[in-house]
Every structure is written in C-alpha cells, then in structure tokens.
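Please see the structure below; I have some questions.
Chain IDs A, B, C and D follow the sequence of writing; residue 1 opens each chain.
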Amino acid sequence: MAQLEIEDLTIQYQTSHGFVHAVRGVTLAVERGRAMGLVGESGCGKTTLARAVIGVLPKNAAILGGTVRFDGEDLLALSADAQNAYRWRRIAMVPQAAMDSLDPVYRVGDQMIETMQLRGGLSREQARDLSQRLFAQVGLESSRTRLYPHELSGGMKQRVVIAMALALSPQVLIADEPVTALDVIVQHQVLRILRELQKTLHLSLLLITHDISVVADLCDDVAVMYAGRIVETGSVRQVFTAPQHPYTMGLRNAFPSLRAGAGPLVPIEGFPPDLARPLQGCAFAPRCPFVVDRCWTEDPALLPAAGGQASACHRASEAALLRTQAGEAFARLSATHLGSTQ
Amino acid sequence: MSVLLEVTDLYKEYPLHGGVLGTRRTVHAVNGISFTVHSGNSLGLAGESGCGKTTTARLVLKLLQPTGGVIRFAGRDIAGLVGDQLLAFRRQAQLVFQNPYEALNPRFTVLRALLEPLIIHRIGTSAAQRVGKVTDALHRVHLNPPELFFLKYPHQLSGGQLQRVVIARALLTDPVLLVADEPVSMLDVSIRAGVLNLMREIEQERSLTSIYISHDLALLRYMCTRTAVMYLGTICEIGPTAELIEHPRHPYTQALVSAVPDPDPEAPRRAVRVADSVPTPFHLPPGCPFADRCPEVMDICRHVRPLLHQVGSVEVACHLYPDDAGQSRESASSAQEAR
Amino acid sequence: MTRLSFVLSRLAQTVLVLWVVATLLFLIFRLMPGNPLVAYIDPTFTADMERALKRQFGLDQPLYVQYGVYLQNLVRGEFGRSFFSREPVSQVLGQVLPNTLALTFSALALAYIVGIFGGAVLAARRGTWVEGWGIPAVLATRAAPEFWVGMLALALFSFNLHWFPSTGATSPGSMYASWWAQVWSADFVRHLTLPAVTLALYLQGLPTLLMRSTMLEVMDEDFITFCRMRGLPERSILLRHAARNALLPVVTAFALGVGYAIGGNVIVETVFSWPGLGRALIRAVAAKDYPVAQAAFFFIAVVMIVMNFVADVLYSVLDPRVSHERR
Amino acid sequence: MSGGERAAEWPQWARATATWREALRVAWGVARGDRYASIGLLIYAVFVVIALAAPLVAPYNPHALIYQPDGEVAANLPPTAAHWLGTTNLGRDIFSQLLFGARAALLVGFAAAFGVVVVGTFVGLLAGYYGGWVDGLLMRVTDVAFGIPFLPMAVVLVAFLGPNIWNTVLVITLLLWRDTGRVVRAQVLSLRSRSYVEAARVLGAGHARTMFVHIAPNILPLSFLYGSLAIGWAILTEASISFLGFGDPRVISWGFMLQDAYNSQALARQAFAWFVPPGVCIMLVVMAGFFIGRGYEELLFPRLRRR
C-alpha cells in the first residue's frame, strides 16, 4: 500500500469572479521511499494539491471531496489537532516561495530551534546540535545558523528551508518548485542534495515542478497534470520515452534539449482553459491535434495501460501511432494560428 | 558582412551608497568585455545571475553610461550621440523584455502602446497609415484578428500574447539590432517555442542582428550562432554555440554545460566539480575571476588574468590553454598595469 | 552600509535640517511686521535712547552679523529675554516645559496602548461588524477637530458634571515641594485628565489603523504560511512572528508621534488653558513677544527633528535587514 | 470605421490625454466602487450644495445683528422657530453662520488640497524620476518640511502674512505637501524600475515625455487619493487657526464660530446648539475625505512603510 494515496480530490477557490475549480478529481499515489514528480504548467493546480496534503490551504479554498490517506489514515477526516500531529512529524514541505519563507527578523538557526522545541519537544541544546547536523547534511557550514535570512544567497536559503523540513525526520517530503529560482550550478547542487537525502533517509518525495528535465534527473515515477486533472502517470522512463497522452507528447516537443541536434521546437497552440468556467469534455481538446468528436463531449477517465502506465485520453490505444505524428501535427496546428492564438 | 556592433574593453561599476561617512563600496558589474557582432548574426550572452550579461545589454542600448571602454554601433561611438543622432540610434536598436507583464504601460491600450513608437519617431503621415502599420505588426506576430486587440489592456492578455505585443512594438521602428533579455523565461514551456520560433522567423525575414541574454544554454543553442559565456563581468569563452556546448574548453563552461539536467532519463549524470554560487562582485580578484572556484586552478591563475585568445574555433580566457609562445603571460601582466 | 555609517549619515542630515530650520526661524522673526521693541518703548523715549536700546539688542548691526550672534546664542542655549516680562526666555520656558512633557507622554502612552490592542483586534476581526463600525469610529476620532472634542469634554465633564476642573494645571494657591511632587499630586492629575484623554483620543487613531494594516499585511506573508505548515500553534505564530514584524512600524510611529504630539499640543493646551509650551508659543506670537515665540518654536522643532532621527535609528536597530549589512 | 481607425483619428494631444482622462476614470471608478468612498462622495455633494446655496437658503445675514422688537439685541436666544440654532452672544443667527461656514471650509479645503497635490506630486515625480542629487536635495527639503511643527508654523506664518483666508490656504500648501511628496516619490521609484518605463526610454521618449505621458498617469490615482486626505487636513487646520484667533475676521468659518462660542462662555452656559453643530460639520466633511482615501487603503503614515 503506497505511503501517500490521494483519491478523487476536488478543491475550488471562491474568487471575486466566481468559483475556480483548481483541482477536479485527482488520484495519485506516492510509493514508500520513491520519488514521484508532479509536472504541470502554471495554473494547473499542482501547488493547490500539495498544500491540501499538508493541510494549509488559503482561506478562500475549499476541499469539496476526495481523500488523502497517509499509511491508510484519511487526513481530511481527522480533527484539526490530529491533522496537526502529522504536520512536520510525518509530512513536511518545502514551499514554493522558499526564498521568502524565513522570518526576516529572526536568525535562521533560531527559527530551526523554535520548530524543534515547539513541535519536536527537544531541549534547546538538543535542538541546536540537530540543526548543526542538518545544516551539514544540506552542505551549509554550521556558522551560517547565526545569520539573518537577508544575509543568505538564494541557494543557501533554499537549503536552510530543506534542512528545516527535515527537522522532525518526516516520512513524506513535498518539494514545490525547489530549484526553479536558482542558477544552474546551485540548482545542480540542491538537486544532488535532495537525491542523496531521499535515498539515505528513505523519504517518499513528491516533487512539484514545470521542468521535465528536473523530474528526469531526480524522480522514479511521474504524473502529468493539466487543468486540475492528472492526464498521465507512470515511471519516468515509460512516460518520457513513450508518452500516452498528446499533452505529454506536446510538452516533450516544446522542451529545448541541450544534447539533441537543434531540431525545430514545436509549441502547443492556444492556452489553458479558464478554470472559473465549467468544462465540457476533455480540457485539452481545444489545443489537441488529435481531437475527435468524442473529446468535445465526453470527459476521459484516467485508465491504466500496459506496465503500470495510465493516461486520460480517448485515443490512448492509438498512442504509439500518434506519437510518431505528434511533431508535424502540433506544428501544423501552430502554423494555422487559428483564432486569437496564445 | 560588415560589423554592426563593436564593443572594446567595456567597464561598468556601481557605487553602493555607503552613506555620508560610510565605507564606499563599488559593485564591478562589467570588467573589461570585448566582442563584435556582424550584421545579420545573433550573439548569445550566457552566465549565472550577477555575471553582468543584463548590464552589458543595457550599456549597448545606451540605457546606462559605461565607466570605461567604447561601444561602436555601425562604426560610430554611441557615447556621444545626442538629439537627432540619439533618436536615430533609438530607432535602430530595440529591446524585448524579460517580464511581459511589466513591459507594457497598464494605462495604455494595445493600440495606444503600439502607436507610441510611431508618434515619437514621427513615422507615418496620417493616422490611418499609422493604424495600418500597427495592424501589420500585430498580424506579423500572429495576433489575429488585429482589431480584436486594439482596445484591450495589458491585464486582459496572457503572457504569450503580451510578449508578442512587445515584439510587435519593437518591430514598428524598423530596427536593425534586436536585444532580447531572457525573452521567454516568464512564459510556460508549451508557449515558449511559439515565441522563439516567431523571433527566429522575423530575424531571418528582416536579416536582423540580435543579442540574446539567457541562463538557459539549450535556448541559446536554438537561437544564436555564437555565444559568449560570462563570469563576474568578464567573458571567459566565446565562439560558435554548438562548439561551446559539445566541446566546452573553459572549466566554467564545462561546469555550466554538465550542470544542466537532461530531460532524457537514460542520459548519464555528469559530475560538476565546481564550488558554490557566484560571489557578489565587490572586490575583483587580481588573477582569473574564476580562480577560487576552478577545479584546475594553478598558481598563475591567482596572479595573472588570462586574456581571450584563439583556441581551435573558439576564444578562451584560461591559462590551461597557453598561447603558442606563452604570449598570454606577458601581454596579460602588461595589460593589467595599463588599466 | 553598516549600522554605524547609517546612523552617522542620518545624524549629519539631522544637523543639516536643524540648521535650515533655525535659519528659517531667524528670517521669519526678523521680517515680522511691527517694531520688535514695541514692548520696551513708551512715549517718553527719545530717538537716541531708542537707538541705544537697539544697539543693546544688536538690532542696529547688519543682518548677517545678527545672524552670527543668533547662531552662537542658539548653540550656547542663550535665547535672550522676553520683550514682555524681561525674564530670560529659558526661565519662561523652563516653567512651562514640564507641563507639556507630562501631558504629551501620558496622552501618547494611553494612545499607543489602546492603539496597539485595538489595531490587533480590528485585524483579527476583519470582515465582521467590529471592523464595519470600528474603522469609521477611529476615522471619526481623527476627523473631529481636537479643540471641539475638548470643548465638548469641558462642557460636559467640567461645567455640567463638575468632575474635572476646567482650566490650568493646579488649583490656585496650591504649593508643591518640587515639580515631581506636583506631577503625582491628586490635584495635578485631576487637572491633567481631561486634556490628556482628549489628546489621547486624537493620537490613538494612527497606531490603531497602522497596527491593523501591518498585522493584516504580515499575516499574508509567506513566512507565516510556512509557520502554519510547520504546525506551530496559532498563538505563538501571532505573538512571536506576526506581532514582532507588525510592531516595527508602530514603534517608529511612536518616536515620530512624540515630535508630532509636542508640535500638536498647541490646540489642546489652548482649549484647556493648560500652561504648556504650545500655549506659551501662541500667546507670545499674539503679543509679538518674538524671543519667547522663537525659542518655543525652535525647541518644538528640535524635539521633532531629533525624534525623526531617533525613529530612523530605532527602526534600524529593530529591523536586522537594515542593521545587519550583507557581507 | 473600426475602433482602431476612430482611435487613431483623434488629434495627437487627445491620444496623450486619453491616458490622463482614462487614469481619472479609473481613479473615479475606484472611489465609486468602494462603499466607504461613495458615502464620502455623498457627503461632499451635500456640503457643496449647501455652500453654493448658502446666500439663498440662509434665513439671515450671518454678520447682521438681530434686534428684538423691543430694540434689545437678541443675544443668546435658545433654538426657536425663527432661529433654528438660536443666536450668538452678539445676537447673530447661528444657523446662517453654519451655512456660510460651509463656504469657507470647502474653499480652503479644495484650494489647499489642490495646491498640496500639485506641489507634492511635482516634487515626488522629480525626486523619484531623476534620483541622484535631485532626489537628495528634494528629500532634504522634505526632511525640513517634516521637521517643522505644522500648527505652530501655520500660526506664525499667518501672523506674519496677516489673517486672510488665502494666507491660510498658502500656509497649508507650503507645509502639507510633504506627505504627498514622499508617497509619490516612493511610487515613482517603484514604477521607474518597471520595464515599461525603461521601454519608453528605449523607444526614444525623452525625460519629459517619459515622466508626463508614461509615469504621471499611473500615479494620478495616488495623488487624487492624497488630495482627498489633504482636504480633510486643510479644513482641520483652518478651523484650528481660526480657533487660536488667527483666522480671517471677515470670513465666517466653522472654526471662527467655535472660537466665538469658546470666548463667550458658551460652554459654561451649556449652549450646545451653538458649538456642537459646527464641530459635527467639520467632522463630517473631513470624514468624507478620509472615507474616499479609505477606498485606496492609504491612510497610513507614509514614512513608516519602509520595508
């Protein structure tokens, strides 16, 4: 049984111009000790999903349905205190705005110690030793604990937040865009640290990012999210080499790779649907080159295919064929610039 | 092809206000950069944040005054340009911004924003002619039907659409040089390719000269024929982009290339033997700027600053590649005193 | 920019501002209409006696010499004599200054205690009726003219209910061993109550609204969300993280408030005939007693400018982002 | 003709002002949109009507002394049908004075607010845009303005210039621009870092064009907001100056009425009808200014928002 199982989770925001259906029935499982990548573009609902798991959603968000099971226990059904017991002791998170997540008027070391004392019940000395050790584990000198957040570089702040996430040795770690704002060399180092920590501490990692190369570098499995819904899951090797869903195919063609010859990049025409308005049929239909009538009316379910891979597309059975045509199909679509393009 | 842009020994320092009696510290953003761009070519400026690539772009566009060195545009030093000459230069050199959400005045409609360059440079005699030019520009950047966008405000458009309006605005003065500062870093992956392809088409169509600034080597490989890798305000390696990526020579370029995560899960991971991040450029080390992070640092690296010299098809500034007669050693030290 | 250099640069700017204000004062009071010596001269004076008097006050010297003398006296704290009572100005002001300080600090203390607590409550009760009625009420305290509120207080609590005296700081004929004894005497406190409460009612508007909006702003910060993710108890998030960040601007406002309050007491002291610095200034201007007016004005300006400086230093001490310069 | 052609037909200045007119429309929209602000606008409307209609509506001449049928001065009459709010100790009709008081208040309020906004915006714009020594100089001038105690200086200047309603307006403008200047400067500094200002420079716009066509319309709502706050402060200041006895004797203002009441023992005589209404009127008009300001959440002390 997976360490973290999300079933049919539905979340919506109440905004000035109506209800926004950010998460529309997501089912996702993070196996024990494995790294699951959650890939999606801005506005697809991946951060909302992560914050629902840790149970800290913005005030105007509401969970309409579904379950979040940790080792079989549904967190959403628990009382506030019982849910709080899971926070940081069992599930920890490196938030998206990690750079701004440190209180500017306290030294970083003190903020670490505070968490360990208040939630971990450690004495001041124990907390200080543990934070020194954690700093070393993330490649920071222990002297850095005396600094204030504004005195640290972006890479260092990121590593401090990772160290804080590990303060009470959680079993599940969620990392939301941990390396997006970092330069490529520091990014490499932080990824290496995350990979080592995940292996040595046997963490179940849920990594959220828009960058598929980061997922390829760090994760065992991957789930692709579009317009509040999981459209494809499977091992990284399966999904990246033999994608089933047209959106994943499109992402691969649009992603510039350093190694491959400088082949033409193919964009995905149009832009994601407005989640404030109810959706008819498949959300990707307006941008999909392989769209058929069924796609406009019937919302495809996430159906398993061969080898544990799954995708939510009516033409999943023809995936092998579609994959070969994907390049020209998307190119043809972008050439027509139909309507007001993206 | 003639040289459109020639930069020689460019320096730029910012005084960090240390208060009336405080210690006066200066940030050395650009420390002796020289390169040329032939008309019709495209040059990439790569490097981590704080390496001076954005400052260089602002200097070339005369948005900042250099502390030292000369920038020649079409053979003329841009430092002295004033009045009509400056206006003519402004018309020929345009900039595409990193953040499309801030590059358009929130109070202007798309039409008003695109009319602005025509008003400033008095392009087009009648209003109808100006609107015609705006319509063509919007059509050229695939924003169809153009009229639909005339009375829209920036907050009503998506990132991709905004960036296309910015590109359209840059085209309206018929520029010769187009500088793009991280043009797609704020856009979603799926629509980046669309904007990049658009810029490539326009460049070929108008044989534009372009400078692309990006931390993403894969993007520079797609857009630029030549690239300069920058570190602490200096150029450590410059040459054909594909050559730089396939056979990086300077240790920093090697680190940059191997640090990029590969989207192909099968690809073997490469070690990056370089220490932490870029230090803030308050004080410049005497020798090679990369000395204290370089895995192959030698004694000479700490004292003598290497100069760019030809090695194969690229130019490298590194003592690992001494010039045939060790020329780099003497000229380097003499050049040091001169500055 | 280390904290020392920040403080030194602000100090230099403060001295510059003080000098400019002093010069402004010198010019204004020299160009005032009417003969400054009117109080001294009576009809029996002959022309040369008048000239002798002018020489004694140095008024026959060219302007820049007078300016030189003026600055020297200023630095030495020598403010000359009152045209009216011929007493040294420093003595005249010395008597009234303590009353102003007592009034100002009691009102400010009251205002900021109410303000900080009230602001936190308004922030916590965002969107409820408390905010719906609270904000307009606080705005009303800042919109109502201070002297009118004072008049209402006097009409009601003094003339109608006779709970408090209507004028002065002490009952006529009461003697006190020292100024300190006077301040703590019941009689003084009864006199002080109405003016202090009226001034406090006006002054609490700023800290209340400021505390509310900085609390709201801080509660939306990412580091507060991160505290919640770590499961820290809401109470410790509010006190240790939100309040500490929200108090920074409020503390600075207190320092500025001292300067403003002293400058603003003029009105409250006049309504309650409270024998303070502000009232002395107004009566001096009305009576064209320029030395007293000029000195009182200069003193108030010094307090304001110095408190501006103290506010900056206080902010840099409290906010590590300013004091701990990045290496 | 499509929207585009029609837009391009306007003469050039129309297109430039389009941005300013549009900015005003937005500023108006924000004010009208907020519940508080619309109450504020309503109060202003009521008082403007009173001020304009005062000569027609007021039952008596506010200056004229009124005599009883038996020749005695009708002093200190309680509120009656003839005199809704009674008469002053000199036998003048209080209600008429109240109506005419609105004129003085709004005149000083709007005139001073206009002066404050124009000076403050101009100083803020120059300091924020040019930076360097221009910024340093203007900010030191602002420091001096912040260093001067407001009311005492107002009193001294009015005493120096003579008690005249226009001197009061001048004094308020001279002293009160400092808050607007500082806030506008902060806003211009933040706008200047936005790339659309840099874009204007790249397109070839000169300093003046960049400032007045690109930056200024975006700070208009802010100066409009500070204008409404300044109306409130100006009216309070005028009332205070009149109360301290430095007001313009020829002009009946609410401050003058309160000073008149205070000096003629109206408090002891519990003549609430005399000194309560003027205070309420001042409070309402100043509240209106704050309510409109409230619509922009800008009632804070600008000096403190220094994060």
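Keep in mind that, in the parts below, a contact is a pair of C-beta atoms (placed from the backbone, for glycine too) under 8 Å apart; a residue touches a chain by one contact, two chains touch by 3 or more.
Owing to the predicted nature of the structure, the values given are computational and were not obtained by experimental measurement.
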Revision key, fill the gap. Contact-pair count is greater, between C-D and A-C, for C-D
Review point. Looking at CA centres, what chain is most distant from chain D?
Key: A
Point to revise | Separation of mean Cα positions, chain C and chain B [Å, integer] | key: 54
Revision key, fill the gap. Distance in whole angstrom between the CA centres of chain C and chain D is 24
Exercise for review: Determine the centre-to-centre distance between chain B and chain D, using the mean Cα coordinates as centres, and give it in whole Å.
Suggested key: 50
Practice item. Within their complex, state which residues of chain B touch chain A. Key: 48-49, 142-145, 148-149, 158, 160-161, 188-194, 196-197, 215-219, 221-222, 242, 245, 255-257, 259-267, 269, 272, 274, 276-278
Review point. Taking the complex as given, what residues does chain B use to touch chain D?
Key: 61, 63, 86-87, 90-91, 93-95, 97-99, 102-109, 111-112, 115-117, 119-121, 127-128, 130-131, 134-135, 146-147, 150-151, 166, 169, 173
Check your understanding: In the complex formed with chain B, which residues of chain A make contact?
Key -> 41-42, 153-155, 183-189, 191, 210-214, 216-217, 236-237, 240-241, 250-259, 262, 264-269, 271, 334, 337, 339-342
Check your understanding: Across the complex, what residues on chain C touch chain D?
Key -> 13, 16-18, 20-21, 24, 28, 31-33, 135-136, 139-140, 142-149, 151-152, 154-155, 158-160, 166, 206, 209-210, 213, 249, 252-253, 256, 259-260, 262-264, 266-267, 270-271, 278, 281-282, 285-286, 293, 296-297, 300-301, 304-305, 308, 311, 315
Check your understanding: In their complex, what parts of chain A are in touch with chain C?
Key -> 54, 56, 84-85, 87-89, 93, 95, 97, 100-106, 114-115, 118-119, 148, 150-151, 161, 164
